[in-house]
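A short worksheet on the structure shown next.
Order of writing sets the labels: A, B, C, D, E and F. Residues in every chain begin at 1.
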Amino acid sequence: MIKPIFCIFSFTLFIFTCNAAVQDFCVADLTGPQGPAGYSCKSPSNVTANDFVFTGFRKAGNTTNLIKAAVSPAFDAQFPGVNGLGVSIARLDLAPAGVIPMHTHPGASEILIVVQGSIVTGFVSNANQVFVKKLLKGDVMVFPQGLLHFQINGGGSTAVAFASFSSANPGLQITDFALFGNTLPSMLVEKTTFLDDAQVKKLKAVLGGSG
Amino acid sequence: MIKPIFCIFSFTLFIFTCNAAVQDFCVADLTGPQGPAGYSCKSPSNVTANDFVFTGFRKAGNTTNLIKAAVSPAFDAQFPGVNGLGVSIARLDLAPAGVIPMHTHPGASEILIVVQGSIVTGFVSNANQVFVKKLLKGDVMVFPQGLLHFQINGGGSTAVAFASFSSANPGLQITDFALFGNTLPSMLVEKTTFLDDAQVKKLKAVLGGSG
Amino acid sequence: MIKPIFCIFSFTLFIFTCNAAVQDFCVADLTGPQGPAGYSCKSPSNVTANDFVFTGFRKAGNTTNLIKAAVSPAFDAQFPGVNGLGVSIARLDLAPAGVIPMHTHPGASEILIVVQGSIVTGFVSNANQVFVKKLLKGDVMVFPQGLLHFQINGGGSTAVAFASFSSANPGLQITDFALFGNTLPSMLVEKTTFLDDAQVKKLKAVLGGSG
Amino acid sequence: MIKPIFCIFSFTLFIFTCNAAVQDFCVADLTGPQGPAGYSCKSPSNVTANDFVFTGFRKAGNTTNLIKAAVSPAFDAQFPGVNGLGVSIARLDLAPAGVIPMHTHPGASEILIVVQGSIVTGFVSNANQVFVKKLLKGDVMVFPQGLLHFQINGGGSTAVAFASFSSANPGLQITDFALFGNTLPSMLVEKTTFLDDAQVKKLKAVLGGSG
Amino acid sequence: MIKPIFCIFSFTLFIFTCNAAVQDFCVADLTGPQGPAGYSCKSPSNVTANDFVFTGFRKAGNTTNLIKAAVSPAFDAQFPGVNGLGVSIARLDLAPAGVIPMHTHPGASEILIVVQGSIVTGFVSNANQVFVKKLLKGDVMVFPQGLLHFQINGGGSTAVAFASFSSANPGLQITDFALFGNTLPSMLVEKTTFLDDAQVKKLKAVLGGSG
Amino acid sequence: MIKPIFCIFSFTLFIFTCNAAVQDFCVADLTGPQGPAGYSCKSPSNVTANDFVFTGFRKAGNTTNLIKAAVSPAFDAQFPGVNGLGVSIARLDLAPAGVIPMHTHPGASEILIVVQGSIVTGFVSNANQVFVKKLLKGDVMVFPQGLLHFQINGGGSTAVAFASFSSANPGLQITDFALFGNTLPSMLVEKTTFLDDAQVKKLKAVLGGSG
């Protein structure tokens, strides 16, 4: 039979577990100093269940744009609860003909699940092999860290997918934006990509790049 | 203007990228030797797009059981393409009143997205704080590595969720099975959990434990 | 023969080693901001040998309680010198019939050495295999990260052991406390563990849980 | 005074250091099974100083090609001694007007040192900021993992640099090859990059791509 | 009330946990291929509780030698169960005046607990600060990875301590052996340490070095 | 044809990439709190290309000293841009007969490239094997983390090399300084190294040690 032991049992254990309280998670304090491992931790006394929940995916992303797609991230900056936990997630909405352009995630591998419609997706490996598949609802594809990949909705209805990552901050580098949407001089872009000047200038104009 | 440079350009780069072919992924060779970092790699010459795709979630898991729930994993053993990539995923189906019992993932953090219905879910921290929320469709919850957590469907319709992990093999330890579903002697279970003998014997009987 | 080179030799090397002074250790500043990797570092100018020494194990833990056991941790919160070094330690005292209840360390593997008496100890794997041994003085057992394990003193004299961990903050989740010693509603506990209501209510009463 | 202690001292220590012989390095056995952490280890009894030395950079790379540049890697596949050690290196030769085209290293950060001539180099961050500098002899630039970067020799003489990496296998993805030098269908390239069909077809022709 | 659910519950979960069986531990197969992460795993079907237990410390190490000390390791090569788990342990016995000479562990931090007698121990930091303490029974000292440290028994009775490490294979480099106990030519030793030729020759003679 | 999409495309993506701006690098704020993972990050709005460039190697190090050598580091403290990126670099200048004395880098592996002259260099393994080679211009040697190594210029002209590391702060422990250049009492040094008192006192005198 068990006798009341709470106070004694807890005396030894509960105290140091209080001390340890902060380290099984580290909800981001977005205003505090950052370091290579992530954001500083919010005070544990201010942490609630809501810190571990993200409700920003209840509505579809807005795909009424020219790429007919939207990416809605829940990385550490949007979802402070993931800070330091090695995971994050994003929602992808692709209207028919929608495209998530060529991009990489420098900081993480990605695992994608299609929950509605179908998506043509794939990546290119370091050895320049191409791996492309059409995914149906329920299908999963995995993308190794840092490799170029894309998604396209070739179907007749909206496609929705969720992409999870092996980091709280996987990063995102969209090739077009990196080449044409910033101050990188056209001449440099052309020399390093062999693209024609007309092509570069054209995309810089539409993507807001200069130089 | 660009002149044909393929052969020369590639001469320098393509050869060593071939050598490097195997290292941006390591599709599991389930028959080869395993090490602490995972399975040995399947020969790159045998790797196709299908190795990076898992189609096992097209159908719902079978919830016509007494917990009214199913967990369908796509860890490295089921989805060899995730080997070494630091991610994996599982599908959860919960019929009304369905339950994924108390469990932990010793090897990974988890990020869960509800795609149908609603789920009451939560975890207990090292400091014994309880974080429980009811998630609606589109909601996400994150669970730090190794902490006890659960899912329950308190709604009137089937709930479906996908759980992604920060490891190709997050592991799974279901508390009930670990206590009552194996050869651990009842006396040891009782001493280390303060559960009554009757309770332990009862659950051992139903969960197939002995001792 | 060697001529005096201290000033010159040191001119090049000693200066940058001063700059580097803080990085081979990072004694915890328990008052500073925390991040996912641990506590901020105490100023190196304030660090002494005492920061790397923990003397809290000179006396036995107090086992005059109902579990007849005590766990005395030297994790980062108690022993700031281990911060960032990937190690920590705890002292276990078990009087005859003493028990360290079922628990996990979400953040680390454990290696246990018995220095006095004998201890029956073991763990349950993800595959639900049970590994239990009686350890004599001098014996060591290793416990993989995050798996349920326990210690019992079945001998006639006090047992003492030291458990070292592969993290400065291994965490500790005691199953009984996680299930019965907090605000988790009884109904939720019962649904997720199949324990009887009477059993849950009983243990909640003794362990100070509510709900 | 010291008395001969070799045999006794060594008896305790030398034997287990023999057992430990293999683990402070793991020279790649290029014929053995690979895993996520790298190649299997060559037998220590066959390891010599030559395994830790790479002499392939004695001669300049051949820059008499249309990009007027050469990259000579010493990654694990070329330099088995680096296997598992978290470092590797490559030699870059750029004749006047030579270019190392836009590329990423998915697996590592890079630190580049110019040893001859001058190089204009830079990278684009996730936030689309451009960081470009002209480096003179002796200058160093660091490139965070996975981000797009390039090198150009705008000077009148050959430039030589060495790039070291934080991995034995940093990987290499050259944007042009990934987009135009493989079987990725032109239509897919155009949809995911907004490049004109004429541009894509032209570069596919020169880079050996198809589709 | 709970109805029998074993077969159905287990149908979903038990099968994949079997598949996952090998990954929560990886008992070393000392005959199989090694990789950077450690030894290959012994087949799970051959794993027993004994694989996780080391009984080699039941007897004191033999200190009847000229350093009056013994180090008995339980690293992966001696204790295969620790393979891949990030921990290991060693037993230190020091008779009065016994010495564990200056050494480093390149692969791990160390945490030392004195269980008998007293030990004077300390380390030197990168910044050349010296941290030395006399430890009594029950005292703990932590040593950051790779730094020079030592132990001395200045007391009148045998001292015993256990050193745990943050790696299954911490490595061990004893300064004297590295300088004088191998084939490194005396001239090289003298040039790189400024030690006198007579000193070097003397220690080479006693430690079995040549050259 | 492509229509202007910058504003819409960017609306979704550019905003969160701004949020993510700080995480693909973390230029050290040398005045902010440090943690185990490195320095706090400088505000991204203050980061320029110059933060990623180090120009301190334009001039040779000053080798007019008694070891006829110089080591010029660009670790995180000198080159804040490498903070958190897992790389750093140092320049070595050795005049004829110049010596970089026996030392270790506790925190990183090293990869060395000779760019001028020749260098005799090597390391000692845990198993006490000696690996020494004479490197010519263009040759590379790799040194596993934490192992004793050295460089000597046995040639008739100045040698220059660059050493890169697998950490932003590899650390540096020079054996002579650790033994003779600090407050470690001579008696302790002698007991733990078996060096003669005369030798120890002599080197302490020249290296500025006391005790």
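The rule is simple: a contact is a pair of C-beta atoms (placed from the backbone, for glycine too) under 8 Å apart; a residue touches a chain by one contact, two chains touch by 3 or more.
None of the values given here were measured: they were computed from a predicted structure.
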Q | Equivalent of A-C within the choices B-E, E-F or D-F, defined by over half of its residue contact pairs recurring | A | B-E
Q) Can we say the copies chain D and chain E touch using the same residue numbers, with more than half in common, or are the two sides different? A) different
Q. Which chain lies the greatest distance away from chain F when centres are computed from Cα atoms alone?
A. B
Q. Rounded to the nearest whole Å, what is the centre-to-centre distance of chain B and chain D, using the mean of the C-alpha atoms as each centre?
A. 34
Q | Length of the line joining the C-alpha centres of chain A and chain B, rounded to whole Å | A | 20
Q: Between chain B and chain C, tell me the centre distance in angstrom, where each centre is the average of that chain's C-alpha atoms.
A: 26
Q. In chain D, what residues contact two or more other chains?
A. 2, 14, 17, 20, 23-24, 33-38, 106-107, 122, 126, 128-129, 132, 144-147, 171-172, 177, 181, 194, 202-203, 206
Q. For the protein chains shown, what form does their contact graph take: line, ring, star, complete or other?
A. other
(Q) With touch defined as at the top, which chains are paired up in contact here? (A) A-B, A-C, A-D, A-F, B-C, B-D, B-E, C-E, C-F, D-E, D-F, E-F
Q.
Which residues of chain A touch chain F once you look at their complex with the stated criterion?
A. 33-38, 61-62, 65-67, 70-73, 75-78, 106-107, 169, 171-172, 174, 177, 181, 202-203, 205-208
Q. Contact residues on chain C for chain F in the complex?
A. 2-14, 16-17, 19-20, 22-24, 26, 29, 32-41, 83-84
Q: Spell out the residues on chain F that touch chain D in their complex, using ranges where they run on.
A: 2, 14, 17-18, 20-21, 23-25, 44, 47-50, 52-55, 57-59, 74, 79, 81-82, 85-89, 91, 108-111, 113, 115, 122-123, 125-129, 131-133, 135-147, 162, 164-166, 194
Q. In their complex, what parts of chain E are in touch with chain F?
A. 99-102, 104-107, 120, 122, 124, 126, 128-130, 132, 144-148, 150, 152, 171-173, 175-179, 181-184, 188, 191-196, 199, 202-203, 206
